[in-house]
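Both complexes below contain chain A, partnered by chain B and then by chain C.
For the complex of A and B:
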């Protein structure tokens, strides 16, 4: 049982000590900004993975919900002057409510029809953000969003942003981890494998789908809020269909249904363009090639669901029964 | 309301609708045969337009040669696309894996990866900014009929689209390859049992669908006057919407819905701003999915 406590400590240690130290020694605020972006996208991919990987509902509109969160936080912060610890949960709740309202009519659709419906919803949200100029300032975007700061404690800075994203990211990943690795998560996997069979077994699949959608949208909204606070400027182009596809690519490259896979995928696809900056124009081609090759040669992803579940069982004993019997705690 | 401007917009809408229809047919054919969405279809459209532009700048051929070259480029692109992005993922031949979720997601993303690579490659070779079409090829000469003014490009779009649709119907219903495409779309395993070469049929489907997409690209390029590497995205999504509204497998449905989309978008600009007009397509999509999940023209299915 001793070994089972090491992995969480190692992960948190890497997140809060090793990575900041390395970034600090590399000596530029830019490295911190890249790491912050990766952190925001980790929350986003983990939430997208919850709905697309674990529950099997292919969502092609995730970036739009991320956008709702970003706009909710940005408007609340600039118009009402709310501090970030209010705008973050506020953005999450707004996104969740809008997500449920929009998604309710599509809940009876399955497979490709659900995917297409989320694509349509995502584009509707994008067009609304782009054209509702009175409310969202349209294509001009929202500038001068206050950074993450607590008066008297710390000021808005690249390092502060990193730690804020790291803390909230760790909480988000832990929450989704507990939802995924539990009887509840098993119900979701049953729904993914065969929803008719799951319904016959007594699962209320429409309720499950709505709950999953709400949770996923909540964390997408939180990620959006973090994005608007850390970058200080948002515009509708950050939340286009292309962005949804990028999120999907990240979770597929990492491994559908696997939380560590989602994090690995986000890190890989965001760090690659930065690492490849010297080769300039060719970097997006390399990113596309990495995507293609990983789908071709690693169909289960870099860190597939089976190995992720195995890792959880051995290293993160928390979600399992201590007495070694089968089942979740 | 029914003034000159209204009819003008109606004609513009039909022209745009025909372009969507040409693209939607490519989506529908490929979805019918493989049950997967080809996300690289917008890039085929873009490559068709660039092939036309290259031909024009290189040796200024007559217009129908430009169209033929775009068709050839589309055929080549379709062939290459199938080889690179789709063939490697058809590892097994049983029906379960041909229509499985894993295969669908893998090919969806591989076509997406290939489309990123293609778009970026074109951007590096040709530059990412708008490329103007040379003046003498622009199809914007006004043609006066009664009180209405048409652009000559609209006639070309009508002509080429109608001819393409007629040839496609002939191909699908009167030729051997059309018969095998319909057979594979209906039941891939059954088609294999009766001796149809499924791989060759799938390649033929990609070639035909991509030729239509490429010709749509060069027509829009000549009509609107500029082409750029990201031009395939919007018509690609609209054509996709048309396919879904039409019921995923129905070519007639896809064409009809593409026309409905094009006309209603053009007419909507009478009443609302251009930006909000984009909302029409997506609202149609969601409304169709909610109230007619099988599409407006789709056959009844076991379950959606």
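For the complex of A and C:
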């Protein structure tokens, strides 16, 4: 039984031992900062993939919900002096509630109509962050957001940020993994494939959509809070439409509907420009080419949904029978 | 036999078109009932009204004494009405097992908290329901295959399996024999008879007259949205109105 669950052990080992060791040996805080950014984006892509890949609701406003979380945490930390372990869940909850309220009218929409509605929501949120100067300080942004620290235990540092993002990221991926790799996930995939038909099979599709939106926005908000606390400064420009598109590109390149794909996509598209820094501005051409060619030759993504589900079934699936693991436990 | 499904003076209008026009009919518990009629008679619309796909414009539909008009289609499904579709609507990118599990999830209900807590009891219930439906339809060996890879005939059984996983009291089949050859059609008839013998009430729409007349104990005939005949296959075969609906009157000729 234990022998069949190597994937989570390997992933946790890489996240908490191998990667930090390599970053440490590279000898710069900068490497840790890049890894922290990748970690925040992994939470974003995994949560965006949950709504867009698994449930099939194309969200073009994910960066805006990320922004709500970032502002909720930044304002709570700078105005009320709340520590990060309170601002983090607070940001998630605020984003989740605002997300549900904004999304309720869109619950009857599917495909491109849902996409355009979320595009509109994203713009509304961005313009609000930009122009509600009394509350958000508008284009000046919010500086001096306290870092992630526990007084007497550890001080804010690049290494500390990395481990904080790693722990929160592992929890986020674990929660979404349970929802994706289960019969609940089957219900969401059925909703994606044919929502009307899924409803005649007894699935309450409006409830499912609201739940998915709540979960996805919660973790987008948590990612935003981590971004606020790890960078120390945020402004509305961090949460524009082009960020939503970048998140979308990451999950499509990685593999729509696949959690490992979302992580691979975020890591590849953020690490590549850093690795290619020596070739200067040409690197963006390489990044664009990687996106273009990977979609051309791997349309289902680098780590597509079918292979991801196969792997997860072998790791976490259940047979309830002798003939193969096809169901979920 | 008690009435399981009561369709009471039901009408459905689409703009100026009246697809179903004051249809009244009953399906009793344990029956095998066929619904036939020329193209455009309103049969599929009537099915969509029963399963809550489209709302009725007027009239009432009751299932097991529950008023269904106004219910959402997932509520009707959970009440015990399973259906298949005229143009197959399987989930092609999911495995056979996962397709069928959707019906079992519908029957068991779904909860985000149960999924987060990895509730073992709920998962076992869905698994058991799925395996039972796969066994009844002979798809057990194909459980791990992607649905898109199945043959056309197998997909038909997959749709039926998915509906059976809901453990429905009433199974509604929309043109189950369409596109099947003679051997497959007679296998399907035997299969539906077995399901019925096991306690599932069956209502089906079909164009293949031999299939309907051989399988169903009672046949309702629809033309231009109305019911024009209701009786045993033998009675229907003699009915003058039915012959006119299918072949036209002497005046038309």
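Worth pointing out:
What we mean here is this: the second predicted complex is superposed on the first by the 317 of 329 C-alpha atoms of A that agree within 3 Å, B and C clash if a C-alpha of one lies under 4 Å from a C-alpha of the other, contacts with A are read in each partner's own complex, and residues count from 1 in each chain.
By definition in this document, contacts are C-beta pairs under 8 Å (C-beta built on N, C-alpha and C of every residue); 3 or more make two chains touch, one makes a residue touch a chain.
Every value quoted in this text rests on a predicted model; they were computed, and no experiment measured them.
In the superposition on chain A, A:175 contacts chain C only, with no contact to chain B. Of the two partner chains placed by the overlay, only chain C lies in contact with A:190; chain B stays clear of it. In the superposed pair of complexes, A:287 makes contact with chain B only, with no contact to chain C. Within the superposed three-chain model, A:113 lies in touch with chain B and out of touch with chain C [touch as defined at top]. In the superposed pair of complexes, A:211 makes contact with chain C only, with no contact to chain B. Those residues of chain A whose C-beta lies close enough to touch chain C in the complex are 175, 178-179, 182-187, 189-190, 193-194, 196-205, 208, 211, 215, 305-306, 318, 320-321, 323-324, 326-329. Residue ranges of chain B in contact with chain A, taken from their complex: 37, 39, 85, 88-89, 101-102, 104-106, 109-110, 112-114, 116-117, 120-121, 123-124, 233, 237, 240-241, 244, 248, 273, 275-276, 278-279, 282-283, 285-286, 289-290, 293, 303-304. Chain contact summary for the complex, chain C toward chain A: residues 51-53, 72-74, 76-78, 83, 85, 89, 91-95, 97-99, 101-107, 110-112, 114-116, 118, 120, 122-124, 126-128, 130-131, 140-141, 143-144, 146, 162-163, 166. Considering their complex, residues 56, 58, 105-106, 108-113, 116-117, 119-121, 123-124, 127-128, 130-131, 241-242, 245, 248-249, 252, 256, 281-282, 284-285, 287-289, 291-292, 295-296, 299 of chain A touch chain B.
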